[in-house]
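In this document, chain identifiers A, B and C correspond to the written order of the chains, with residue numbering beginning at 1 in each.
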Amino acid sequence: MSLRTLEGFKFSTLKTPVHLLDPRTKFLIVIAVLVPALLFANIYVMIVLLLSQIPLLLVGKVARRWALSLRAGVFLSALIFVVNLFTGSYLSAIALTLRFLVLLTSFSLFFMTTSPDDLGLALDRIGAIRWLSRRWLGYPNALSFTFTTAVRLVPTLAVDAQTVVDAQRSRGLELDKGNLLKRVRNYIPILIPLLLIAIRRSLELAEALESRGFPGKEGRTSLFQLRLRPVDYAIIALSLVATIGSFWVFFHYKIPVL
Amino acid sequence: MITLDKVSYTYRSGQKALTDIDLNLEGGDFIAIMGENGAGKTTLAKHLNGLLKPSQGRVLVDGEDTRKASVAKLSRKVGLVFQNPDHLLFSETVRDEVAFGLKNFGFEPDVVNKQVVRTLEALGLSEYAETSPFLLSGGERKRVALAAILATEPDYLILDEPTIGQDYQQKERLRNFILQLYSQGKAVVMITHDVEFVAESNPKVILLSQGRIVASGPADSVLSKDELVKKASLVRPQMSRLFSELTKYGFPSNVVDVHRARILLEEKLSEVKVRVAQNS
Amino acid sequence: MAHAPREIILAKSLGFQYVGARKAAIQGIDLTIKENEFILLTGPSGCGKTSLCRCLNGLIPNFYQGEWTGELLVDGLSVTTQLTSELSRRVGYVFQNPENQLFALTVEKDIAFGPENLGLSREVIRQRVDEAMNVTGTLPLKDLAPYELSGGQQQRVALAGVLAMKPSVIVLDEPTSFLDPRTAEEVMRATDDLRRELGLTIVVVEHRLDLVARFAERIIVMDGGKIVADGGLEETLDEKFDLLEGLGVGVPRVSLLWTMLRRDGLVSGKVPTHVESAAASLQGMMNQ
């Protein structure tokens, strides 16, 4: 599984209708897919859930990248299929493999169309997170900032990781030679510098943030805010119907595996 | 000798980083590769020890094609010192750090020990042998990184931005050290944008801009050409800019170094002094 | 300015020792900085320049723990009684590494970060962000991510973020280390232009004097935690040249040249600090 498969979960900076939906809306879409997928083990249900996400993938222009995330899931899918062949019927194996793909698609869609920025803003608004943040870290927005900073540092640290690998290879380090134990030990010269660089970068960033008034005595305003539009409300309503509907069906009917 | 033969390199994203680079490097050479940020200097450096293989053309290190040799093997001859020492340092002591490369290349323990002691001494780091590299200052860490690469005595040494963050004294020490190295017959390549440092060290200068070599020649000739220097997002050395204002007095246009400037001015000013004395 | 420039930074016997350090990073610092000055702070590695800067915006003692001695008043506020967040309204800080001071995922959001922390209204924040982007020429970059920018662009964005706080003092700690010479010159010139336009006080820490010599009027030299020279740039280069050279300060090449010629009795007059004044002085000598 190469790094390319992570592309199926990376945010793509586009401005499609799907991208412009509020992150909370999109999260409810995930729930609306998750709930029936987990409640039922029926092949038709899975197929419907999978197909119903395809229009979203197309409108969001992320279909090609989604294909990459499917590629990432091939190995696990096969594993799930085989394991379930032994523990259940042929049909349940298919259903459960499809379920895995449905969930994979749902998360992939969410992360590809939701910017980490917006996620941070959404996290900021969630009362439970603000409370937790205040208890643990002293400030209501600390937790969501932690998240945003982590995301912000990912591409930078990815470059650092490559540089460390290059630097150590230039000293004769061979990562693809030797027995398992040797190979694991060979990662120490990669991990230690990377860890320290990550720490140093975060400390410098913290210094810079504090120098710009973080966290501030008074309440903090946000220049950008999330706004729920009519289309958001519509989709939220649909998602809630789907979610509640699934629970209702679950408690009232017995849906077989087929 | 390292030869780059019409080397071009394109990233996987399609962006072309280097185009048609021809370059020869042999023992005793002292070369500065200069250019704007993003010109391809580091990309070029990574071709010299095989970290990157050319998309077109080839790189030969002592006759060996880098596409057919491993980085580990090429690193025995080509030492690449990265810009940020923190990308290298991971050991408990400075001694261990310097020994790392030697151990990787399979030297015997007593050889390793001897080399470590020698290298530490050469770089003035002996007192820190048992210290953790992380407790040292920025400048000292840079020297440890240099020691770590030099310990294996590569024939070709490539320094990526060695002067950043260094004060004047540290730069002087570096300059002297480089002098020692190439007079011992090693090849030293320095990637830098420190124009004054280059002006004072007088290497051969290769100017890179947008992946191409736009100039190649002695420092005083390349760095005194305004259009070239501008293209590479550099600034002409102070001496060069000064002498541009003094051409009407018959001075040459390729002065970049303070000492040469002084000698030329001493001559002219002595004449003036004599003339003034005669007239009064 | 109509009124006499007020004293914006006042240090009396200022000293600081980091926790676990064997000796003080700075000691006995007496310093007065007036509004709108452009100050060059220099000295060999480890002399305490960065530590002094950290005191100016409260990173010392809030972010860095240790023992504080003496007094420091910034824009009337005593540093030891303020949080960094309060001082950040008066003193902006631009760091050496361009990339590690940009926090957000787009340039616009990053510049808004500071004013957001001040709890200002959304309209005011919008105004400040737009102003800061205009004045630093970073408007075309507003939707880009920090890692997509060049070093020079990153420094300009960092500067914009600081300006959005509307400080009266800006400290820049070796801001051009990672920049190529042309970009370095642009950043320094932009800083000076802002100083003139907005009446800012600027403190730049730099090893290479030639980069800043054209703009700085005053130089403060430190060594071993103490101030060893403090005065006009021209006077100090003129009278204390040997001291500076001995400390390994990167004196401008033209100043070095002139000093050598003067020692040999071939020129007379004040040491020039940059190319234009050196050329003028030399032409004067030749035309006698």
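The rule is short, and it goes like this: a residue touches a chain if its C-beta (ideal position, glycine included) is under 8 Å from a C-beta of that chain, and two chains touch if they have at least 3 such contacts.
The shown structure was predicted, so the numbers you read here are calculated from the model rather than taken from an experiment.
> If every chain is a node and each touching pair gets an edge, what shape is that graph: line, ring, star, complete or other?
complete
> Between B-C and A-B, which chain pair is linked by more C-beta pairs in contact?
B-C
> When the centre of a chain is set as the mean of its C-alpha atoms, what distance in Å lies between chain A and chain B?
That gives a centre separation of 44 Å.
> State, to the nearest whole Å, the distance from the C-alpha centre of chain B to the C-alpha centre of chain C.
One centre to the other, that is 29 Å.
> Provide the list of chain B residues touching at least two other chains, using ranges where the numbers run on.
none
> For chain A, which residues are in contact with chain C within the complex?
Against chain C, the touching part of chain A is residues 115-117, 148-149, 151-152, 155-156, 159, 201, 204-224.
> Which residues, counting only chain B, touch chain A once they are in their complex?
46, 49, 51, 70-72, 75-76, 79-80, 82, 84, 86-90, 100-101, 104-105, 134, 148-149, 152
> Would you tell me which residues of chain C are touching chain A in their complex?
It comes out as residues 57, 59, 62-63, 83-86, 88-89, 92-93, 95, 97, 99-106, 109, 112-122, 125-126, 129, 145-147, 158, 161-162, 165.
> Give every residue of chain A touching chain B within the complex, in rising order.
Result: residues 160, 163-164, 166-174, 188-189, 192-193, 196-197, 200 of chain A touch chain B.
> What does chain C use to touch chain B in their complex?
44-46, 96, 150-152, 174, 177-183, 185, 207-208, 210, 248-250, 252-254, 256-257, 260-261, 264-267, 275, 278-279, 282-283, 285-286, 288
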